[in-house]
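Sharing a structure here in structure tokens format.
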Amino acid sequence: MSTNVLVWSEFLHEKRDARVRSIYPDGMHEAIARGLREADDFVVRTATLGEPEHGLTQEALDVTDVLIWWGHIAHNAVEDEVVERVCRRVLDGMGLIVLHSALMSKIFMKLMGTTCDIKWRDVGEKERLWVVQPSHPIAAGLGEYIEIGAEEMYGEFFDVPPPEQLIFVSWFAGGEVFRSGMTWTRGRGKIFYFRPGHETFPTYFNPEVRRVIANAAHYVAQPGGAAPKFGNHKPLEKLALDN
Amino acid sequence: MSTNVLVWSEFLHEKRDARVRSIYPDGMHEAIARGLREADDFVVRTATLGEPEHGLTQEALDVTDVLIWWGHIAHNAVEDEVVERVCRRVLDGMGLIVLHSALMSKIFMKLMGTTCDIKWRDVGEKERLWVVQPSHPIAAGLGEYIEIGAEEMYGEFFDVPPPEQLIFVSWFAGGEVFRSGMTWTRGRGKIFYFRPGHETFPTYFNPEVRRVIANAAHYVAQPGGAAPKFGNHKPLEKLALDN
Amino acid sequence: MSTNVLVWSEFLHEKRDARVRSIYPDGMHEAIARGLREADDFVVRTATLGEPEHGLTQEALDVTDVLIWWGHIAHNAVEDEVVERVCRRVLDGMGLIVLHSALMSKIFMKLMGTTCDIKWRDVGEKERLWVVQPSHPIAAGLGEYIEIGAEEMYGEFFDVPPPEQLIFVSWFAGGEVFRSGMTWTRGRGKIFYFRPGHETFPTYFNPEVRRVIANAAHYVAQPGGAAPKFGNHKPLEKLALDN
Amino acid sequence: MSTNVLVWSEFLHEKRDARVRSIYPDGMHEAIARGLREADDFVVRTATLGEPEHGLTQEALDVTDVLIWWGHIAHNAVEDEVVERVCRRVLDGMGLIVLHSALMSKIFMKLMGTTCDIKWRDVGEKERLWVVQPSHPIAAGLGEYIEIGAEEMYGEFFDVPPPEQLIFVSWFAGGEVFRSGMTWTRGRGKIFYFRPGHETFPTYFNPEVRRVIANAAHYVAQPGGAAPKFGNHKPLEKLALDN
């Protein structure tokens, strides 16, 4: 049974900035989607901000096991109603992978309950993502670290709740560290945040970055238990009589 | 240096329901406040829904180390602006203790990012809160469990993110369990949820329940490190030249 | 690629106690193994205390992805050298599932660093294992709880480190609770403890218990990242020159 | 009520190596002890490897709230019986602070259940310890990071169980990161590991390093709940009859 992945991105930088377009001529979402298609038997679709309902209709979400989100300059352009819809699907079990600057997307901030703010510096410096939980399946197939020659820097404090699992910690040449790969649970949904991917670098063509995203898609897609029932609840004795 | 605690409650049941009034003639907030005053050298104030800005002005919050919240039937009557203000103070370091039915308050749901929903049954059954992390200072002075002769039942699944620390697990006579004492971090703020305290039972006069609330007030009030700075950040070399 | 599971048990009660033999005529390990074989395409072998090196030779462990351990009355009969060998394989990435009374096995105590002690009562009372993390793949296919009509009681405090993931909490008719399904990481190995399975009850024929064990075998078998290198380490500049 | 702290170290480098002696003429334990005495109203004693029973008699441990441990070249010279004794006291509630190279001490490895191995490089490079949990009282009074001009490097993977709280992450000039401040619970005891402190650098005179150690002593000293009872346990009904 294939995993259905929906890759969402703003698709704005690519239209406005020739440098970005030269790296991602088909859009960042297509580069991410291609990485997934080549990695495994995922069924991958894409959606972008400019589509009706941003391409995130109830019908689209209902058949999505994993939603991947990239955004940067248009977080506020995402309709609140769509954010609510995505949020409900995550709580109901859809996996969510949040990439790079999507840390300040409405959906991520809402699920975290914090500002999700960071330090940053965009000079294209060396980043090393060290694996600090090598037991984790998201690290499968990697070496001890991923090195990216030039990326935007993100620095601590990263204002998110302490993660349930911390998988990567980034070192930056300029003197900062960052918790770059983290998981959280919300309702029946699993969330993975992964740091790399500034639009002016070809990060989403990096084979190790692609490996992490594919591993994470498998991880957050894993089905869990039954949907809980809430509300007034009969005691054991009564249940025993009824059954 | 004393810890400043602000006890907030709806103060509605006590006015509308003679049974509740007979238990808490001065309001539930006063019973909770008295427990704190008798426990230690806290400076304790109270505030209720009916006051201007619900008694939660910026000035009031600015001098508050720990906010204790009890609500049940009027969650939606709390102004969104006040919820935002409380949320900012928690992220900035104010401790928050959320009691019983306040699990569906706007402020708690916002900080958790989930529905916070539960199972419940109000027949006045026996509850035992077992200590499952005896190393924790919130359990100081307690035995192995707290027994409450009659309380409302809350049952799992409790739709909150997995806690950072799980201190109490409740057993209910009717067949359910509940994670009854949990902590989370949001920003620089520490949050403690504590289950007992339905308005129709004299739970907030129970010496062990009072002990837990006093312990928790000390715990969430502990000051942390510096307020993080966010935004564009100079690299190490530049800093070195500047300093 | 199939997952190789090795089911280990003492195989002593079954020989000494007619009641146990009547429930598990081929041994508890065979009942557990059969559950796995019927659940999925696992390759399942068994080993018992009485075999040379307890059936846990280096060769046997080297081809094992997941080791399942049941023990009760003969923990001390397990050779320290074998315990060391199993421990090394766990740290190197072999999954470990520890069942019921195996909580006081040498291998589990060594990996936990605590006494692993509990309360207990063997009167055959009702147990309900509530799912408190429905997002977890170990809960897949289950309802909101598993009910077992008669089991031995285990009660808190269970002296293990706070788990990384808490999946099940048991309710017992006599008044206790227990953290019944928990995971921890040690080195590159994943560990799952699962409470039910006293030798005088047919628990390992229960379809839901079998489902949990099969789910857990998949979970702890998931491969992680590269084996870390330790020791003296060259700086980045030197590495750059070398590469 | 003052907190009783016992600072233990090998006290070998200082006798054998003139460079170390010039930095720590009274021994590293005395530098650490002095930092505590100046920080707060701790009652501080010291003990060293060469004393009878390494200065860690049952009597000494019984009056100790917090044990601080520094070791490097003589881990194996610590008697197993003493390690067992210290371990029992930690499980019974004594706080433990493990410094720098003490990560490979018998007591820490025993409590962790892992190899505790690391990468290292001793060239005296710049280290920055970033605060990644500013809510934590161990970070109180600090800025966003601690900078140490020259220290030994420790690099990931650090083979310990994922911490319950991650407070500091170190950046090293040579390209590595390290989880430098972490807490774990074992039994009723709280454990804090803190990275800095190679014997050839004056790290334990650094005011911020001293602040962290003092904060941590308060943190791990916090008393918890009652000592759990283990073993055969009567059901609720029976208890009700008896009481």
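Side notes on the structure shown:
We call the chains A, B, C and D, going by the order they appear; numbering starts again at 1 in every chain.
As a working rule, a residue touches a chain if its C-beta (ideal position, glycine included) is under 8 Å from a C-beta of that chain, and two chains touch if they have at least 3 such contacts.
Just so it is clear, the model here is predicted, and its values are computed rather than measured.
Using CA-based centroids throughout, the chain positioned farthest away from subunit C is B. In terms of C-beta pairs in contact, B-D outnumbers the other of B-D and A-D. With each centre defined as the average position of its C-alpha atoms, the distance from subunit B to subunit D rounds to 32 Å. If you average the Cα atoms of subunit A and of subunit D, the two centres end up 36 Å apart.
Residue numbers of subunit C whose C-beta contacts span two or more other chains: 128, 131, 133-134, 144, 155-157, 162, 164-165, 175-176, 185, 187, 228-229, 236. By the touch criterion stated above, subunit A contacts subunit C in their complex at residues 93, 126, 128, 131, 133-137, 139-144, 164-165, 185, 187-190, 222-229, 236.
Within the complex formed with subunit B, the residues of subunit C that make contact are 128, 130-134, 144, 155-158, 162, 165-166, 169-172, 175-177, 179.
Within the complex, the subunit C residues that touch subunit D are 91, 110-115, 117-121, 123, 125, 153, 155-157, 159, 161-162, 164, 173-176, 184-187, 228-237, 239.
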